[in-house]
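Chains: A, B, C and D, in written order; residue numbering restarts at 1 for each.
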Amino acid sequence: MQPVVHFKNVNKSYGALTAVDDLDLAIEPGQFVTLLGPSGCGKSTTLRMLGGFDSPTSGEIYLEGKPISHLPPNKRNVNIVFQDYALFPHLTVGRNIAFGLELKGMQHAAIHKRVTGLLSLVSLQDHAERMPAQLSGGQRQRVALMRALAPDPNVLLLDEPLSALDAKLRQQMQIELKSIQQKTGKTFIFVTHDQEEALTMSDVIVVMNKGRIEQMGGPDELYARPRSRFVADFIGQSNFLEGAVVSVSDGIAAVEWRGNVVHADVNGTSPVPGERATLALRPEALYCLSSKPEGRPALKGRVDQRVFKGAHTTLTVALENGSSLLVQIDPVALSHIEGDDVWVGWRDRDAVLLAN
Amino acid sequence: MKNLDVTRRSTLKLLATGAGVLAAPSIIRPAFAESKVVNITTYDKFVPQSFIDQFQKDTGIEVRIRLTDDQGKQYNLLTAEGATPSTDIVTVTGHRLSQFMKSNLLASLDTARLKNWDKLAAAYKGAPQLTVDGKTFGVPLLAGFEGLVRNTEYAKASDSWGIMFDDENKNLTSYIVSDFLSIVMRYQGNDGDYVTYGDKPDVAQTATNQARDFLIQHKDKVRKYYDAGSELQQMFVNEDIYLAQAWSGPAAKLVMDGHPIEISVPKEGTFGFLYSFNVVNNAPNADAAYTFLDAILSSPEIGAAMTRQSGFSSAFDGVDKVLNDKERAALSLPPEQVERIQFFSSINRDMKNDMIDKAAAEIKAA
Amino acid sequence: MRTYFNDLPKTALGASYWIFAVYLVLPLTLMTAMSFKDANFIAFPIGNWTLSWYAKVVQDKQFLEASLYSIGIALATTVSATIIGVWIALLVSAENIWGKAVIFALACLPAVVPGLINAISMRIFIRTVDIPTGTFAIILAHTVHAVPFVVIMVLTRLRSMPANLVDAARDLGADPFIAFLRVTIPYLMPALFGGMIFCVLTSIDDFVRTFFLGGYQPTLPMLIFAKVQGGMSPEINAMATIVLVVTTAIGIYAEHFTRRSRS
Amino acid sequence: MLDTTTQPRSVGLPTAPRYAGWIGRAASSGLYRNTIGLLVDSRRVRLAVLAGVPLLWIAMLHIGPILQMANISLLANYPPQPDKSSEYTLANYGLFFSDRLYFVPFVRSLVFAAVVTISTLVIVYPVAYYVAKVVQPKNRMRALLLLLIPFWAGELIRTFSVIMLLANRGALNVLLREFGFIDRPIPMLYTFFSLSFGVIYLLALYMLLPLYSAIEKIPTPLIQAAADLGAGPFQRFRRVILPLSKDGIVSGCSLVYLTAVGVFAAPLLLGGPNSVIFPEVIATLFHGSNDKWPEGAAFSMIMLVVSLTTVGLFMRIVGGRSVRLM
């Protein structure tokens, strides 16, 4: 299938500063794609280039196979939901949504029908006559979304649209956004720095760092199989173990780490014995036992700190080899209080080797 | 060189027009030069409306009046317009006449074209102050003088300008600095009109400085240096001042209105001047201007209306008979005082204006 | 006790407001009162009262003509100054424009040049480029004077405008011109309204520029000044009172209008 | 913000909104697309249109007249006279520095303007604060409007009304005499007092509006927070309100100062023998019996440069960033 959006070797620099570095990205139609990364990673610039508010320094952007880099924003069939919504304060909700339709030269009756339809999609059909200032944050968010959807764009761009909402509303909107995306079948490109948002809604997550793509894939894949330390660190929490490769067999690498030999999935890398390597280990992948287990690898340590977090509890375990690990356990477990001796281990495939 | 200049100017013109079109209801140059129009710059109500209506009906010439309040601004306007004036007739006071003439703004008058010229009072026909090199400038309208004005209820009568410097009148006097300088020079026995100083600038400067220093020394007597006749009237009415040097017109109007005011000419004497209508040099409608001037001379009623409006005496013959008793009384002076009036000359104006202006500025700045 | 101390500054502030209001309004009240005085000159006490000055003013053809002329000039000035002012403000607020600060400073120049100097230099200038004195020249001079105020007001408002409002309009299919018409202009409305009121007031009030650039038709201030020259009589107070009442009525209507459109 | 209970705007008139307004229709028409639509598509055309008219306007009508005046200030004679030279000279500027005569009114003008500016600030600040922060928001416009009414009467009328108030037989003196406080009228008119009174009366608007808008923008919670942290009224004013209204103070002071430096009619009508200021000197050079346009133009240039420099320095020292009026 032809990608709906294709960035081909796109560079964008402002003077000496490189915002986007040789970006090559193809997006399939109908997907919910999230550009995830810390601020300054180039995700917003990428979005603005797609929207037509910035032009690439070099490279070309294709929308449905046609180059669009030279087109002004008003000639591109993409629409943006802005971070602060950018609703026109002097127009009613209805007129805000009708804005793009009016400019297409549509007649009153057709516009009216479409506006009403879109508003009922988000249960705001009674609010067509209100001014944006009279709406709540979540309502404004919905209006902005419907305004951007109204002209029936190929691709909808969302620039951190949830950042201004409170935590509870944000979760609610995540679900709503995803369902609207599914109902309309449009390609959504969503920009955020919030990994939770990304994991909840996306079909594909593109993790960006310093203007480059770090890794791209489905949420579970990214979570379970981070390819780089940056991704492992940015999405969820990880323990990082640095050691030297001892041997590789059957996709499992043995790594010498502080006098112990530990195991991890090679994760698509091709480790060479003797080389240094880093492996990433999710806290929830660790098991924690009061006594040394039989037939399973385990390292001995002592509970240093215990933090109750509601859905789970985290332990900081000081190992005998001098390092410490973050371990996540069942919150109702009454054992493993501070000062207890514990054995910590993991299944070989739950640890992943990172690319150097 | 000439070519270059033309190009630059037309470029500027083009640019100005371009910028102007944005704001322009019309860029068309108004038709100043129409045969059936006469443009007059003058004072409010100076020319009676009834006369204008009649004149327009009789001759078919449209009268356009531009109101002015200040000789200086009128002069600046004419100067700025240069060789293409938009005015046909201007109203000039005697002591300003030379300035207008020097800048070549006025055309000399062909009195033969005015068949009513004889209706002027004898004294003003070809008056010396309107004559330069044998040519006549302007139709005299009104005559006035610089008088000593006092509030008869508060200020005691005096026959000398010296009363203006009496300690009794501290903070109670007012005058127009430049005019009063001339009078003080006269008071001090010098030639306040500079007629005799043509080749003696040193003597003139000494005399001027003497008057200047005297006025600075007596600055504590002054409540205000004023400019306009209405200011003077207001100060007298409000009792801010009791004593002043003033043009006779505004003061006479106070008298006509029944205020306790008296105008006199002290024994040291004073200066007189004429208001005149003048045809502007290169006037776009000179013919219409002559028709208008001739018509205005035709009736003493018009002279009387001007007198009522301004408070000055008319230069037309027979106006006395038209005025009522109260008006006549306000305008009349005892014969011995009339003799003390010396009309401003048009000789040696540059020296006079330079020295007086400088001294006036120094007095104000002191 | 605590509330007493808290209220003290508030009371003082209220007092300062009302004293100031009296300071502003009292002289005008006197002026209005004087318009009923039955005498040729102005002074207290008023003595006999009369309405005859109003009768005189209302029948005065000159006054009516001058008023209409002034209003016409003010409207033309307002329209042109608003267009030019907004245009300059847009240029100054645009990104990537070289010498922005200089352009802004020059745009404000006429506001800080004293009126007299402004008028004279303008008079010399229009002679240089061969524009005749008269209505057009007056409007030009008034516009030059009013433009800086419009620029400042519009610029202040533009600075507070969220940048992505225009982006949003562009995104929804508006070209730059349509985005300007449909988004920027409505957003600027309060500033434009303020600027327009300012233009009207300065234009109607202007005397010195009008004198130097005017033709034969007197504007209101020219007429009043010329009449004043003939002696301060209550007739002028009557004129001023009428002007004041009319402008106040317009102002109150404008306030009413903005309040209604805001709610 | 979260006012979801508000009724739709037109309660009694449930009209369906009319979409497809004239702008939309025009913008989508072929005519528009092929004319303006095409033009604005080009960045170069857009820039030319954006910059062209303003730059032309400023060059022609803002700078042009001043340059012409600067030109005249360097001429030996203007308007040109046949018998006199019209060479370029610096003598007109030299005149200003050579004579105390012009220097005294000049300094007087600057000092006078400064005093007026500070007085206006002190008088108007509490008023602006009261309107912006104490008056209920719905009454604010009305409170402001009451203060604006006098400014619609025109400069001339306002000046004359001050005379009616302060003259020896003006309202104030008549009143004082009526109540027996004084026997003789107090001469208030034609003094520095009456001049300042009148000029402040004329210019208060230029201070009021910028101050009001600056103070109005200070978030009230900030002031409450300061109070909560134990700051008394004075502390709150000095540490919170004053710094936050700096922009308004700078704008207001600049406007009032620049206008006060060049104020012309009021000093003529309200000033006394000892309050002659510089604009009158300049006007005399233009209006005096002997025309001295070049000198007048030179003095105008000096006044322009000095007053603008003063304000520039003031802004730099105080650190105001933007000039605003409302």
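Methods note: a contact is a pair of C-beta atoms (placed from the backbone, for glycine too) under 8 Å apart; a residue touches a chain by one contact, two chains touch by 3 or more.
Computed from a predicted model, the values in this text were never measured in an experiment.
Shared contact partners of chain A and chain D, listed by label, are C.
Each chain gets a centre from the mean of its Cα atoms; for chain B and chain C, those two points are 34 Å apart. Chain centres here are Cα averages; for chain A and chain C they lie 56 Å apart.
Centroids built from CA atoms put chain D at 12 Å from chain C. Each chain gets one centre point, the mean of its Cα atoms, and the points for chain A and chain B are 88 Å apart. Residue positions 23, 27, 41, 53, 57, 61, 167, 169-170, 286 of chain D are each in touch with at least two other chains. Touching of two or more other chains is recorded for residues 42-43, 84, 120, 124, 128, 140, 174-175, 178, 182, 225, 228, 232 of chain C. Listed for chain B are residues 15-16, 22, 73, 76, 80, 82, 234, 237-238, each touching two or more other chains. Of all possible chain pairs, the ones that touch are A-C, A-D, B-C, B-D, C-D. In the complex of the two chains, the chain D residues touching chain B come out as 53, 56-57, 60-61, 79, 81, 100-102, 104-105, 163, 167-170, 185, 187, 189-190, 268-269, 271-274, 276, 280-281, 284, 286-291. Looking at the complex, you find that chain C touches chain B at residues 39-43, 76-77, 79-80, 83-84, 120, 123-124, 126-136, 139-140, 143, 211-212, 214-216, 218, 222-223, 225-232. Listing the residues of chain C that touch chain A in their complex gives 162, 164-165, 167-175, 178, 182-183, 186-187, 189.
The touching residues of chain B, counted against chain C in their complex, run 9, 12-13, 15-16, 20, 22-27, 29-30, 32, 39, 43-45, 64-69, 73, 76-77, 80-82, 86, 228-230, 233-234, 237-238, 250, 253-254, 257, 259, 309-310. By the touch rule above, chain A contacts chain C in their complex via residues 51-53, 72-74, 78-80, 82-84, 86-91, 99-100, 103-104, 147-148, 150-151.
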